[in-house]
Every structure is written in structure tokens, then in C-alpha cells.
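For reference, the structures are reproduced in the following blocks.
Next come two complexes built around chain A: one with chain B, the other with chain C.
And now, the complex of A and B:
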């Protein structure tokens, strides 16, 4: 009973803030509401004992991706677009046709599909006996899939090195000797920054 | 939890340690980067040596995700050779561009690490992370000259189209996983052979082919190649033209023989059709290029076309000969193409301002720098396939395998296109030997030791494979037979 009440509360908050995301004209407010919506969805995952997905939801979506969105919005200074009603007015009519179609498709599929659980090695009892799904997932990840896991960490390292290579400021001994590089001779970092 | 046996990845571990050492040492260096170059070189040599020492081993590790066998070792040694040549070419070139940073070598080592895992993978997950490690490092290397518009363009194009191709491959892989519930090549192959979803499997095959075809620049997925080669630092362009291609073909051979064995009839037709188109596009566009770097990019597409013909022959006949010929061709191609790019690196280091890789810039080279002209001629002869060079041996074995698979007409097309290619390769020589340079040329500085060593290695490889092919033929026969005994 408690779970049902909690579910309704979290679901209402998630949907409510979701509606807020698409109705706010201030994009920063919309982003904050989106984060709130994601956190509520994470709470629903927790209620269904999907602890790992709940944590990933908060870390990846509410954390990393939304922070990225916020940064981009703040860098681009989108305030000038606020007053505009809509950039592409014809889109409205296309959307008017497409949206009910997609909705109808979802409804038809949801009604027609028969939902059966796929019997695998992991039913609720074995998961509970193994110490919960986070523990089981960790075992699989660090034993069976150890090599891809470690390789993924190397990919992340390369990403960091790349960010440094592409974005770091260089020492001044490099700055003045770039005169020969043809058409791009004025493209010092300062120049690029001004352009942006 | 038992400690995993790391024997199958010892060479890769050496490479990883070297790359991390480069990153750690780099901040302590000022303008002189000799220490970093030495670490990268030692790491690559140790990687190749460790792989060589494991020759004859045949074992799988990490839950059967990677193997060490003669096939994987063949590619590891090949990657080590390409890496050593690239590293030796780079220092003076990067100094001439005021962008000599240690990260360059670290990224190169990481790219080779990804290629190495790609060639040794026996599992779709290991395959994909290897592919991504190679790809992400390559995007960054392409854009290494961040103040040059062309380099930025190269990186952006490579990144956008490359991620798209990776996603397509991944989509195909996810479908395969959906059908079989497994990621291990052998298990997936058996499951697909017994399954029914033939149309869906053919679709997944096509998706994986498109993704991997992008990586090795099969036409019509080749659009990025000339722009990326033109914009990337020249040693890296040379590396791109051999390293990721060899790794891509290592993966293609394994994917299509082990995983998609069931749909062999489908993919044989795909490979033959794309082979003809790729040869056509590569050779025709190469004819009209006046920029030597772009010409080499299109020529590399043409060479991929020949290799695809070999894949078609392999699918049609199931003959070992075709697979061996592909390995042989990749090895020969590595040396001759690295050499050709190496000569361009030398010329650019000599005249950083005026040299722009055009044919006119090559005019009168024989008078100014006879050795460079002679070496370039050797590599051009080899790319054409003149007897006595590695290129001839590669083409001879490859076309022979195509003929043996009852595809005489395909071999005839390939030979005709090879004859066409002579036009644009030999044109470079005509400019070097028979045209006079329009401007006065001042010899900047003599060739640097490492670059000379790199060119010497490439030339020695070309001549060695061309004149005494027996050793390499034995190696590729051993490697491929071992691969089939999966």
C-alpha cells in the first residue's frame, strides 16, 4: 500500500515536471524541471528494486547529461530566442498530423502485445539469494566482461587526453612561429575566442 | 574470484604501460621530446618482440574474449612495424609545425592497442571496444593540428561519419545478439547457422559490413578518406592508410568467416559487387588528383577494392589461398604506403611553408634531392605492382587466388584497374624526373636520422618482400591456417 502511494506521488511529480519542461519559456527553468523529472523516475526505479538503474539514472542522466545541457545553454546565451513564438511555423501542422499517429501506434502496440516474462538464469529468487542485482551485475562485469570493461576505461582516458590536446592553452613559445601556415595564420586561440 | 591469465594480452599490456609512461613523462619535458619518442619507440619494439616471442601459442583468455595465436601475432607484428615507422617519421615533422607534444605518441600507441585487440577479439564486446579505442584515438590524431582549418575539418568529418559508422556496426551486432543471446564468435556462428531468421541475418550482415566498410573506406563509404588524409598530419595519414585498414580487414576476415559463416552466399555477392565499385571509384578519382596526398588517399581506396575481391574469392571458394593472399597483401601494402607518405613527410619538413603536396611541388625533385626521388619511385613502382617489389608479390598472390575461385572476370577487372593505376603513380615520377621546378629551391636541412631510418625500413621491407617473398608467404600461410583452426 505504501509503495503504491509512493509510486503515485513520484509518478505525478515526474509527469508534472515533464509537462513543465515543455511549457516553460525560460530554458534554464525547463532544464531544472527536467532534472527534477529524472530524479523522480530514479525514485520509481528504486521502488521496483532496480537499484543499479536508479543509480545510473541519477549519475548519467540527472548528473552528466543535464549538466552538459546546462553548460551549453549558458554558453550559447539563448535568451534572445525567448521572445520568438516558434522558429518554423509550418512544423506545427506536420506535428498536428504526426503526433496523433505516433500516439495511436503506441496505444495499438500496447493493447495488442502480450507481455510474457523471458525466463533466464535470473529470476527474483536467485537475484535475492545472490545479494541483489547490483552485486550480481558487478560480478558479471568484473569477472566475465573484465576485458571490455578495462578497455572502456582506456577509451575514457583517450577522451580526456584528447580534450587536453584540443583545448589546452599552449605556451607562448609556440605562438609567434605559426606565420607560415597559410590561410589560417591569424587563428590564434584569442582570435578564435573573439570569433565565438 | 580467480585472477585472470594475462598471457594473451601481454603485448597489449606493454603498449598500455608505454602509452601511460609517455603521458606521465611529457609534462616534465620542455621543448626537447626525445625521451617521449624513445619511450614510444621502445614500447612499440617491446610490443612487437613480445608478440613474436608468443609465436606458436594458441590460447584464449578473459572468458574466451581474446586469443593469442599466429593470426593475431601476424597482425600485432604488422602494427608494430607500422607504428615504428610512424613514430620515426614524426619528431622533425611535428617540430616544423610547432606542435611537438607527447600526447601525439600516447594517442598513437592507444590507437595501435585498439587495433591489436580488434585483431585478437573473439567476442563481439571485445571487438567493439577495440574498434572504438582505435576510432577515438584516430579522430584526435586527425585533428592534432588544431590551428589549421584543414586539420579541424578532417577531425570533424572523421568524427561525425566515424561515429555514425560505429553506431551502424553496433546496430548490426545488437541484432545478432538478439537472435542468438551470445556474443562469443564461435557460439554466435553456430547459433546463426542453425537459426531461421535468414532475411534478418542478411540485414545484420549488411549493417556490420557497412560499418566496417567505412573503417577500411570501401566505396561508397569512402567520402571521408581524401579529406581526412589531406588534413591529418602526414605521418598520421600514412598510418591511417595502413594501420586501421589492416585492423579492419583482420576483423572483417574473422567476422565474416566465424560469425556470419551461415550467410556466406549473401556476403560473397556483397563483397564482389563492392569490390568492383571500390576499384572503379578509387582508380578513377585518383587519376584526376593533382595533390599527391589526395591521390594516395584514392589509391588506398583502390587497394581496398583489390582486397575485397580477395574476400569475395574467399567466400566463394573457401580456399585458404585467398585468406593467405589478403594477409600477404596487407603486409606488402603497409611498407609501400608508409614509405610513400614518408617521402612526403621529408619534403614537407624541408619546406614547411611552400610545399603543399601538389604535383608541381614535386617537379624537379630528382635534381634537388635524388635520394628522395629514387625512394619515391621505388614506392610508386611497388604500388603499381612492378615485379621485384612487394606490390607485385601481393597482387600476384591475390589475383591468383581470385582466379582459382573461378572468378577470372573479376581478376581481369582488377588487372585492368591496376594498369590504369600505373598512370597516376608513374605521373609522380614524370614530374620528379622530367619536369623542372619553377622556383629556385633551397635545400633546408639534411634528412633527420629517424626519418631516414623509417624510410630505410620501408624500402627494405618493399625490396625484401619483393625479392625474397618466401618468408612472408610462410608467415601468412601459418597465420591463416591457424586462424581457421579456431
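And now, the complex of A and C:
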């Protein structure tokens, strides 16, 4: 019973701060609300006894990924865009019609379908007897999903290289294949427009 | 089974639809990226709920891989945003319309 109450509380907080994320015009406020939403989702993982995932959610999502977002938001001076129109002129009407329909569809399907558990080997008693969630999760991860695990490291490497290549300032000597034909001209928006 | 699986599905549906609404309505590229992260978390909630429902670890494995992809996506997405901002001095997505016919 207490789990259900806590689930509803954390779910309401996560959804509420999620609504805050897409309604704030200040990006830093939206970012803080997103972190709060992710921490609440981590609490829901704890209630589901997925302890390792809950810790990873806080460390990797609320810790690493959103700190990355915070850095970039604070590097770029975005305050001037707060006063601009925040909503897309035409797409907001499409969204107004489509999103309630999609939500209703999801909820109706989730509540109407009959879900049958297949009854796997790792019920809470077995997990507790076998050394807990973290130990068994690691054991199963390296037994069942070793190749995807290694592929994940490759994806991270590709993402890192891609980020460096995309974000590097053009015109440096290591980027000279993409430099603009020897001119030292400052790249104003009009200049870029002309080139493209 | 303490918490019914339907609750996870409904929570996940709400978070996902908030993400969809953010991507569709907002012009600011950062909010669009935040909304994508929100949608990924909605999927993760589903996977964790089903992992508990079926008493196995497959859903939790999938969440680990989703987080890996989310980290790579955030890094590449932010690199694209900074590159676009440097070239066009704006983060409003409807300003990037060079390919529009």
C-alpha cells in the first residue's frame, strides 16, 4: 500500500515537472525541472527494486548528461531569446489536436489490454537470495548481453568523436579540409548564407 | 507484484506525450532536446516496469543500453546545437529552413 502511495506521489511530481519543462521560457529553469523529473523517475525505479538502474539514472542522467546540457546552455548566451515567441506558429495547433489523442490512445490500450506475466526466474525472493539486484544484474548482463555491452562502448566512442568533429571550430589546422578556401574572412551569418 | 503494470504504462504514456508536445510546439532547440530526453525516460519506465512484471533482467539491460544511446545522442545533439548557433546565431528550430522547398 505504501509503495502505491509513493508511486503516485513520485509519478505526479515527475509528470508535473515534465509539464514545467515544456512550458518555461527560461531554459535554465526548464533544465532544473528536467533534473527534478529524472530524480523522481529514479525514485520510481527504487520502488520497483531496480536499484542499480536507479543509481545509474541519477549518476548518468541527472549527473552527467544534464550537466553537459547545463554547460552548453550557460556557454551560449541565450537570455536574449527568452523574449522571443516560444511556440511554433502552425505546429502548435497540430500538437493541440494530436497529443491528447495519442495520450488517450496509450491510456486506453494500457488499461484495456490483459497483461500476463511470463514468470521469469528472478522474483524478488530469488534476487535477494542470489546476492541482490546489483550482483545478479551484472551477472546476467555479462552472460546474456556481452556483445551488446561491447557495442555500447563503441557507440559511446563514435558519439565522442562525432561531438568533437561537429563542435570543433572550423579553420584550425586539424580541420583544414573543411576550412573556407584560405580566406581569413570573419564568418558572419550573411557570409554563410551566401556560401550555402 | 505490488504496483500494477498498468500504472507504469500510464505514467510512461504521460511522460512520452509531454515529450511529443514539447518537440511539436516549442521553437527553442534546447527544449526540443530536453523533450527527447523525457521521451527516452518514458520508454525506460516501461522497460523497468516490465522487467519487474516478468521477473527477469532483460528490461534492465535494455535500460542500460538506452542510457548509453541517450548519452551519445546528447553529446552529438549538443555539438550540432553549438555548431548551428555559431553559424546562424539562433537556436529557434524554424529558422533553419534552407532545405525548405
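Here is the rule we use: the second predicted complex is superposed on the first by the 127 of 196 C-alpha atoms of A that agree within 3 Å, B and C clash if a C-alpha of one lies under 4 Å from a C-alpha of the other, contacts with A are read in each partner's own complex, and residues count from 1 in each chain.
We adopt the following convention: a contact is a pair of C-beta atoms (placed from the backbone, for glycine too) under 8 Å apart; a residue touches a chain by one contact, two chains touch by 3 or more.
Bear in mind that the values here come from a model prediction, so they are computed numbers and not experimental data.
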Partner chain(s) touched by A:107 [first = chain B, second = chain C, both, neither]: second
Chain C versus chain B, contacts on chain A by residue: C
Which superposed partner A:46 touches (first chain B, second chain C, both, neither): neither
Partner chain(s) touched by A:60 [first = chain B, second = chain C, both, neither]: second
Chain B versus chain C as contact partner of A:166, first or second or both or neither: both
Which superposed partner A:158 touches (first chain B, second chain C, both, neither): both
Touched partner set for A:141, first chain B, second chain C, both or neither: second
Shared contact residues on chain A - chain B and chain C: 144-145, 148, 152, 155, 158-159, 162, 164-166, 187
Of chain C, residues touching chain A in the complex: 1-3, 5-22, 24-28, 30-31, 33-35, 37-38, 41, 44-45, 48-49, 51-58, 60-61, 63-65, 67-76, 78-83, 85-94, 98
Footprint of chain B on chain A - complex, ascending: 139, 142-148, 151-152, 154-155, 157-159, 161-162, 164-166, 173-174, 177-178, 180-184, 187-188
Touching residues on chain B, where the partner in the complex is chain A: 1, 4, 9, 16, 23, 31, 62-63, 65-66, 97-99, 101, 103-104, 106-107, 110, 113-114, 117, 123, 125-126, 128-130, 132-133, 136-137, 139-140, 143-144, 146-149, 352-353
Touching residues (chain side chain A, partner chain C) in the complex: 3-4, 7, 11, 14-15, 18-19, 21-22, 27, 30-31, 34, 37-38, 41, 44-45, 47-50, 52-53, 56-57, 60-61, 64-65, 68-69, 72-73, 75-76, 78, 81, 84-89, 91-92, 94-95, 98-99, 102-103, 106-107, 110-111, 115, 117-123, 136-137, 140-141, 144-145, 148, 152, 155-156, 158-160, 162-167, 169, 187, 189, 192, 196
